[in-house]
Amino acid sequence: MILHKLTTSPFRDLNMQHCLQRLGESDGVLLTQDAVYALIHQDIREKLNALSGKVFLLEEDADARGIEANGNVEIIDYEGFVELTFKFNKVVSW
Amino acid sequence: MILHKLTTSPFRDLNMQHCLQRLGESDGVLLTQDAVYALIHQDIREKLNALSGKVFLLEEDADARGIEANGNVEIIDYEGFVELTFKFNKVVSW
Amino acid sequence: MSSFSLLVTSAPFSEQNAYSAYRFALAAVQAKHTVNGIFFYQSGTLNGSSLQLTPSNEFDLYAAWKTLASDHKVPLMVCVSAASKRGITTAEDAHDSDNPHYSLTAPFESVGLGELAVLMKNSDRLVQF
Amino acid sequence: MSSFSLLVTSAPFSEQNAYSAYRFALAAVQAKHTVNGIFFYQSGTLNGSSLQLTPSNEFDLYAAWKTLASDHKVPLMVCVSAASKRGITTAEDAHDSDNPHYSLTAPFESVGLGELAVLMKNSDRLVQF
Amino acid sequence: MSESANTLAIINQSAPYGNSNGQESLDMAMAMSNFAQDVSLFFIEDGVLQLLSKQAPENIDARAYHKTFPALEFYDIENIYVCRHSLESRGIKVSELCIDITLIELHELPTLLACQQHVMSF
Amino acid sequence: MSESANTLAIINQSAPYGNSNGQESLDMAMAMSNFAQDVSLFFIEDGVLQLLSKQAPENIDARAYHKTFPALEFYDIENIYVCRHSLESRGIKVSELCIDITLIELHELPTLLACQQHVMSF
């Protein structure tokens, strides 16, 4: 029950791939900052779509960058981000 | 005649791949700092070996990290780094 | 309600992380959670510099941290060893090094890593930015 | 002999880039080349902080920059706009902002980006770190 | 091709907002142009994301510096090159960008850099 | 598995020297252990490179902090986990590392983190 917080673009570094390789069954993924560009990265987007219900998008960061939610991504704001940390047992920042 | 200076690990980000995709015929590649780990990255090492005579390794950074030259990489120290900038017309830092 | 500690390891302005931490902390206190403290480590210690002059057309994160601290009694703790090597120094550092100048002032506090251990012990969640 | 300008955009200690720039500059002057100037931009401006207290078991890059400047007459130029928002401020900034403290002192100079244009015009090579 | 005096290429490869590279690169470009450098801009990889019209950085209290791009022509910065491959891999159409640009292929970057005196990268 | 009180996992994923993450992570680990936290260390991806015996950072005036790893047992830090996949993809043998470690598979990381109260990453 880990929430994996991502902040960097998957076009630039391999953080997201390293995280997804080590995802536990009941873990979740939160896309923040430049990690919201995952939704326009074809390979990564497919991997995220396969994690239905476990992928969250920080609205403020997505709106800032002009990125729209697609697939089964759940949109949350900072208030939702705070609450999300309690739906999981801990947060790992990549 | 561009010298491409790389500083980050190809296991961590995609800088080196982005650079190699855009390499001109008479360009060179200089591995510094964490970019010296390119020599233990199987895919990247093969690409660099194909660039015989155009790949340079900064000795101080490689020695610090315990990485040994292999293939056709030319080892240079900081003095050689300075001279290398004149064998090429300009330096691009990735 | 629940309690948080935040660990901020990134410089202000140059990266978005410190700003994101601020927004998270603000959302947490607005939702009536407790933020036991915000601990600044590595380049995060640069958030504590009182010498930052933010241009008028940019968000003043330093002022925002101070307002957060005063409005919601959130301690702002700066790791002394990570800070001093980066030029984030206290009046005491200045005295000891015979430099008339320093950069860290209240409400930011200079503390050791032991304070982070105390924060974590008393917090339901640790979130790193 | 030939001439260089160096552009340093990375913070000291947190990343190796600034140290690498120093080593390059030293090697260049030892080979009798001219380093017209070292220009500090973005987080690189943090190299100019006179408040940095380097632990005795670590390399003191700030002292090394100063020695390079005095031994080889290499100008150390810090971009004023990038610096001041990061808390790298001069006596003049301090006066203007009613803060008694500042962090940028000689041999580091606070300059505008125009100085970089002049450096580049007169240099055979620009190398960024 | 040979180098022309006082020419500067600035390569932009960072996404906006996550770090300050984009904004400080634009500051650099405008200043260098003011000081008589002939500036060309290259947007490659995540750098192309800076040029999207539909951005709203006020959501994260960041400066909407992308609104300055259309003013670059008044700074005599007219050579703006964008990597076609980088746009396509991100599913971005040229019509989504906030300025007129010149598309380039991967292999054109070294060719175009050849005629520049100096190069910076952000 | 449930969390144990005052347990801390520190994930190391950065190569040494290129940035200060490795050194400051080790400082953090030793301090937290001194202040009664039960610390476990995880080395994954480029983090495994910190553990190589054959390093000579004096060539770049960096601190040889890898020489401190063998002393961790005196700080009661005994759970040191290294990702087997990360070693193999870098062609590194366990015999090249400067301390005794426990090898873990990719999927074991979330399982082992499950029993920790807090997690940091450098």
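When the chains are written out, they are named A, B, C, D, E and F in that same order, and each has its own residue count from 1.
Definition applied: a residue touches a chain if its C-beta (ideal position, glycine included) is under 8 Å from a C-beta of that chain, and two chains touch if they have at least 3 such contacts.
Fair warning: this is a prediction, and the values are worked out from it, not measured in the lab.
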Chains in simultaneous contact with chain C and chain F: A, D
Furthest chain, CA centroid comparison against chain F: E
Superposing rotation of chain C relative to chain D, computed on C-alpha atoms, to nearest 5°: 180
Farthest chain relative to chain B (centres taken as mean CA coordinates): C
Centroid distance [mean C-alpha coordinates] between chain E and chain D, Å: 26
Intercentroid distance (Cα basis), chain D paired with chain A, Å: 39
Rounded Å distance, chain C centre to chain E centre (Cα mean): 34
Junction residues of chain E - those touching two or more other chains: 17-18, 20, 45, 60, 62, 117-119, 121
Shared interface positions of chain C, touching two or more other chains: 13-14, 16, 20, 23, 42, 58, 81, 125-126, 128
Chain B residues counted as touching two or more neighbouring chains: 7, 11-12, 14, 33, 60-61, 90-91, 93
Interchain contacts, given as pairs of chains that touch: A-B, A-C, A-E, A-F, B-D, B-E, B-F, C-D, C-E, C-F, D-E, D-F
For the chain B and chain A complex, residues of the former touching the latter: 11-14
In the complex, chain C residues that touch chain E: 13-16, 19-20, 23, 57-59
Parts of chain C lying in touch with chain A, wherever the complex brings them together: 2, 4, 16-17, 20, 23-24, 26-28, 30-31, 33, 124-129
Chain A contact footprint on chain F (complex, rising order): 3, 11, 13, 44-45, 85, 106-107, 109-111, 113-114, 116-119, 121
Interface residues, chain A side, partner chain C - complex: 5, 7, 32-33, 60-61, 77-79, 81-83, 85-86, 90-91, 93
